[in-house]
Amino acid sequence: VTHTLQHLATLVHGTVEGDGDIAVSGINTLEAATAGEISFYGNKRYAKQYEATRAAAVLVDNDMVRRKNLTVIRVRNPHLAFARIAALFHPRPSFPAGISPGAHVDATAQVDATCCIMAGAFVGAGAQLAAHTVLFPGVFVGERARIGSSTVVYNNSTVADRCLVGNHCIVHSGAVVGSDGFGFAFDDAAMAHVKIAQAGIVRVEDDVEIGANACIDRATIGETVIGKGSKIDNLVQVAHNCVVGANSILCAQVGLSGSTTLGQGVVMGGQSGTAGHLHIGDLTKIGAQSGILSDLDAQQTVLGSPSFPLQTFLKAHTLFGKLPELVKELRALRQRVVQLEARQHASQGEIPK
Amino acid sequence: VTHTLQHLATLVHGTVEGDGDIAVSGINTLEAATAGEISFYGNKRYAKQYEATRAAAVLVDNDMVRRKNLTVIRVRNPHLAFARIAALFHPRPSFPAGISPGAHVDATAQVDATCCIMAGAFVGAGAQLAAHTVLFPGVFVGERARIGSSTVVYNNSTVADRCLVGNHCIVHSGAVVGSDGFGFAFDDAAMAHVKIAQAGIVRVEDDVEIGANACIDRATIGETVIGKGSKIDNLVQVAHNCVVGANSILCAQVGLSGSTTLGQGVVMGGQSGTAGHLHIGDLTKIGAQSGILSDLDAQQTVLGSPSFPLQTFLKAHTLFGKLPELVKELRALRQRVVQLEARQHASQGEIPK
Amino acid sequence: VTHTLQHLATLVHGTVEGDGDIAVSGINTLEAATAGEISFYGNKRYAKQYEATRAAAVLVDNDMVRRKNLTVIRVRNPHLAFARIAALFHPRPSFPAGISPGAHVDATAQVDATCCIMAGAFVGAGAQLAAHTVLFPGVFVGERARIGSSTVVYNNSTVADRCLVGNHCIVHSGAVVGSDGFGFAFDDAAMAHVKIAQAGIVRVEDDVEIGANACIDRATIGETVIGKGSKIDNLVQVAHNCVVGANSILCAQVGLSGSTTLGQGVVMGGQSGTAGHLHIGDLTKIGAQSGILSDLDAQQTVLGSPSFPLQTFLKAHTLFGKLPELVKELRALRQRVVQLEARQHASQGEIPK
């Protein structure tokens, strides 16, 4: 399949500068693209590759200069345009309807006839799967769990009993939706932790993606919620009763402690974490490896463990690296004060302390 | 099923203040509880919800004030009382005895007749499962592994060959007990890492809970041990030859390096980690995201990476955030010293340096 | 099976000091070794155990003193010698060739006749498995994936469609090779994250070991690469388009952001992470829990989040802990300056400011 640059430009609301009749057959990086492919240039870190690319055309934003002898498609958001064109060249696969004889589907489960249930998938009693949903091998869907339409659940992942997953979601391999929350009360007479029943569920709204081996614990009571359109990366931990607002981004290995709520569009960098029972406001950005110990307002940017506002952290962290010389400076100054005192004392010997 | 408040109070060794004859049918949060439910109030963060709750009754400790028009059950430990009552309303499910025809159980495995082995579970040669133990779909029990009685192993988790899991344990989805320890010796002649055979096992004692996608590596030689009653959260890493003492708590994404031993009742906050070959004393608490580089005595509380005693860290961390102004203060002081020196020099010009 | 010490010494290019005719039947820790076993002593932390050991012999390097009444085998690298001898006593198991009737192997897959495919493994259309490769139960090999020879893929792990795994690799339980990269472009008109197709693959070269529940994302375009001989521990995250050089070591819970490349022999400590689009030079060592925000040259050693050169970090971190007293010192000095100024003013009242 090929598409002309003019066709692609129209698709992404862009303008061709150069030859719109060129046809391309794929998308590639600046470095690897051949003459039959389109690429994109969105980060000046790759200026050298832009200069050298053999791509037929490059997606650029309004600030980038068109390179000599290169056709560009100018768009407001090259990253988004890249996403649209990549989807054109790499459409999501479709899966044949049907339940593999190697799958184990309980007689009381309701599986839409358009679903694809592969060998080794397990669907428990009373579970419901809506149209066009796909279960890969080794998927476990617990009793009375419900999954919406056009959701893809990759191999060996879990949607535990009673949990809800929406429409158009993607659950990657090994992800666990609905493990027990981590709740215990210590009985000091028995000298033992007593398990607190985790009787709630997880509700994953529409258009959510959950990364490989990520874990979303069920609520103690009520629901742990992953809001519509949120994207969760691999190995993330979401504890019981958390509520993640719509369109939030949790990068790999993030950890949310219990009952913390995130607003909409919150972004958490890799390996960052929060304490429990907090609220993080809309659009707030938490830097990688940060630790959040108290509520954050909307539209903040923070970094550090425990975190500070970004600029405060960066200035302090630079000075942290200079602590040895700052201490030397302090000690030298003290020495000068000692000398000043000595001389003053010598000349003003009569002044009482 | 309903229970009277008086019945519940007796169960949890508490006292009803109000109407003990009220019957409740469940437990819920302060916010969501209806007139037929009991709730609990253990954290003053939820004072507003306590004021507004429509619950039939609330579990409180001795310090909390009984709200007007509200029946309370006063107990020493509301959290523990909540656990007991939640268990009453949400008993652990029971599973029908039997081996699903879709399970693969080796002919030489010894599976008690009361076990429930679901479709897609795999039990290797010579493995032993004691009474009432449950294997969910996709569980892998390796050769000669042994699992005690009344243990629940959720879907897609692993008890690898020869490893031991005790009685009344819970292993959550995707957890791995008995992966190889991470041990290599570098052969600089061959320029290659040489694998060190991981010939030991994991021994999980009774009443342990292991979280989803957590990993417990087998010992190089001997045993990696998870002590009786310890609770391990999701995505935790326990390396080869670690020994976790009884009743310890490892929160999500904790990492223990090889051969580290924890005493009893150690608590490690989320995303914290230790170096290898350390000993952490009984009841010591390690804050979230902390990094431990040396042994810790019993009953310490530490924070930071690398860690300091909690109070030291907190004071230092506050001052870290003020480093920019402290440096300004230092520079201003130096300027004043320069002026002092100049004036002293002007008035005492004759004094030799 | 027993071996004489002389035989073992020859195997590891070492020298017996003592009785080379003693035969041993296994290897064990200094503490647990019996009179029929050999042990090793490579870390002075275990001096007490060395003094007390009942082992028949101990592997030591050139710097260690031979203990009285103990035979030692002196070698250049006791750790490597231990690896060789442990492999002798604990050879990797072999697996019977054949495809279990409980496995699901697509008719178009090419599985070498020497492979062992256990019950519950799944091999997709067009996949290829070379000689002596082993798939444990619950393994998922996607369409057109290829796995080399003598590779062991443990239970419930994933080699997703089109991904490549080399020869003599080990993939531990629950590991995921080929999950989607985490790439989205925000469409602010639609207020939604748009998925960027992840059309590339993962290529795992020969002799790689991938830990339990580790995740290696496929490239957006092109390849994510794990270089020959690299070792990846449990719960590690490698994002799309990363390239890990040969013989690198990623300890547990490490996270690499997208498009970062590592040179050869890089070592990353547990829970450390990097930003995206970075390059880390050959043999560079990144301390546990460190965060890397910019490129690193070869042969560096860094620590901290964000990181500093090791020595800089350690000095600064020590002073961080002393910030409270340093601030006291600063304030005391200021007080002395105030007094100096007052006295100077008193004696030089006439001098204009």
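Order of writing sets the labels: A, B and C. Residues in every chain begin at 1.
Keep in mind that, in the parts below, a contact is a pair of C-beta atoms (placed from the backbone, for glycine too) under 8 Å apart; a residue touches a chain by one contact, two chains touch by 3 or more.
The model shown is predicted, which means the values in this text are computed figures rather than measured ones.
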Topology of the chain contact graph, where touching chains are joined (line, ring, star, complete, other): complete
Angle of the C-alpha superposing rotation, chain B to chain C, to the nearest 5 degrees: 120
Type of chain A:chain B copy interface by residue overlap (half), same or different: different
Computed distance of Cα centres, chain B from chain A, in Å: 24
For chain A, residues that touch 2 or more chains besides their own: 120, 138, 156, 174, 213, 235, 253, 271, 289, 305, 320, 330, 333, 337, 340, 344, 347
In the complex with chain B, residue positions of chain A that touch it: 104, 120, 122, 138, 140, 156, 158, 160, 174, 176, 179-180, 182-187, 191-197, 199, 213, 215, 217, 220-222, 235, 237, 239, 253, 255, 257, 271, 273, 275, 277, 289, 291, 305-306, 308, 312-313, 315-316, 319-320, 326, 329-330, 333, 336-337, 340, 343-344, 346-347
Footprint of chain A on chain B - complex, ascending: 27-29, 32, 43, 45, 77, 79-80, 82-84, 86-87, 89-90, 92, 100, 102, 118-120, 136-138, 154-156, 170, 172-174, 207, 209, 211-213, 229, 231, 233-235, 247, 249, 251-253, 270-271, 288-289, 305, 317, 320-324, 327, 330, 333-334, 337, 340-341, 344, 347-348, 351
